[in-house]
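Take a look at the structures listed below.
One chain, subunit A, appears in both complexes that follow, with subunit B as partner in the first and subunit C in the second.
After this line comes the complex of A and B, so read on.
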């Protein structure tokens, strides 16, 4: 039987960049898994930093999210609805935080070619920042209300950059 | 490189149903993974749950953490006759939800543990959960059923897709 967990693309930043777009995702798989190891190269404001996720360049109010996360020993849940992207707060360590430590994000996106709305799941954590008492570890139920096949996904940090060495691996999974 | 992550079976519902069962699971893997995109029915409030080898005795337990959009909750169930991987939430009839379950060492002779995740955001409602469950049986798992622990006869709607994967350690 053929291997069905296949690397579709890999991107490792050679220099700091604020946006990574994974495009031309083939429609020949059933599910997508995206494994991200990243930290900020620059940032103004308070660490750690948010990352925004948009699909197929859709900036309309088609995204929603229900996360559960822990931060400074307290557990929270919140909700966003009718949003223009999926914003994962405090997902990436800032340049002022522990050097050489990268935050981890995994996106599980099943049924990305279906003609229904797309539920997906994000696990995100930057435990290395706990030494600075501002780390965050969370799970996020996410939804993109669009019937189109997913062909591109963009990860962006508003007005800031992700550091060189940040990596984005996309795997395709076949269910038959 | 040998294949280590393989689809064992996929079911796409062509009729509303209460139970989806994968039987005759081969013993050639190390772990199992279930990925389900589930749609509910408007007249019921289904909660996806697991049973193994058709065991309906009270051999299951689970602990769940859940985010409701405004609060953190946790719960435990012991000596129940199912493993609830979506406790506290219900399926929508219009927006699909995602269930993942990782079942480790399913051929082992010790009790079987599973991790469950429920992505149930419904654009203004819904929940997210992470759960751990135990099936207190030393038997190898040969079948897995997803069913509605709320007992609705046709809980899962047409278009729901459930896949069972096998994962090999070597």
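After this line comes the complex of A and C, so read on.
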């Protein structure tokens, strides 16, 4: 059981950015947790609400994901294999939703220095929708098939931005 | 889109934060991601709609056999 959390990095966006990369992550911990509070920027392109995650800049077909996803009245699951990133659908509050409401996304990466493939887990949700009059939640079991230590993670919107005020906290966890 | 898309790089080792304009290649990738996302969402929605249509059809057929709507709904859950 993890018993120590150390804050590695904390950032709140001063302006909207299409992509956020957390780099030079130290390899001195057992696990990583990235806690994100984010919202899409307004007035920029379409609104797919999604976040794409890539690790160590790897855009090859090394990612898989099995989500269990709900939005009001609908529950579904699917399987994505051999993808070029992990696409977390409907994870972000959009510009057409309640003003100043932010979604919560947590990425848990156990054994991120392991030389084996890296399973990781994402939970995401927002319940502040206005125009859609709904809430959205998703849990996503993911895998990155690569033996390298995770040293950087990139969060990107699909053709949009993350709004000013979005925050990214990176914690390292030691098991002893 | 008219605004300049940027990437924020946060260096955990130095604490330095750098804002970098996205390259044309990166912007093209984001657009490709958006299209892929919308196609995946449309496919998922179509599958959900088809399942619900089949469920409603089943309920209607059960009611023809003499079940109440409540009974048919319970069986079709």
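We take it that the second predicted complex is superposed on the first by the 162 of 176 C-alpha atoms of A that agree within 3 Å, B and C clash if a C-alpha of one lies under 4 Å from a C-alpha of the other, contacts with A are read in each partner's own complex, and residues count from 1 in each chain.
Quick note on the criterion: a contact is a pair of C-beta atoms (placed from the backbone, for glycine too) under 8 Å apart; a residue touches a chain by one contact, two chains touch by 3 or more.
From a predicted model like this one, the values you see are computed outputs, not experimental measurements.
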Fit or clash - subunit C, subunit B, common subunit A: fit
Touched partner set for A:170, first subunit B, second subunit C, both or neither: second
Once both complexes are placed on the shared chain, angle at subunit A toward subunit B and subunit C, C-alpha, multiple of 10 degrees: 100
Partner chain(s) touched by A:76 [first = subunit B, second = subunit C, both, neither]: both
Touching partner for A:116 - first (subunit B), second (subunit C), both, neither: first
Which of subunit B and subunit C A:30 touches, first, second, both or neither: first
First, second, both or neither for A:60, with subunit B first and subunit C second: neither
Which superposed partner A:50 touches (first subunit B, second subunit C, both, neither): second
First, second, both or neither for A:9, with subunit B first and subunit C second: second
Touched partner set for A:20, first subunit B, second subunit C, both or neither: second
Closest approach of subunit C to subunit B (Cα atoms, Å): 10
Doubly contacted residues of subunit A, that is, touched by subunit B and again by subunit C: 76, 78
Complex interface listing, subunit A residues touching subunit B: 1-5, 30-31, 64-69, 75-79, 81-82, 108, 110-111, 114, 116-121, 139-143, 145, 173-176
Of all residues in subunit A, those that touch subunit C in their complex: 8-9, 11, 13, 15-26, 44-46, 48, 50, 52, 59, 74, 76, 78, 85, 87, 89, 154, 156-161, 168, 170
Residue numbers on subunit B that touch subunit A, as the complex places them: 1-7, 10, 35, 37, 39, 65-72, 95-98, 100, 117-124, 126-130, 159, 161, 163, 165
Residues of subunit C that touch subunit A when the two form their complex: 1, 3, 5-15, 17, 19, 22, 26, 29-31, 33-34, 36-38, 40-41, 44, 47-48
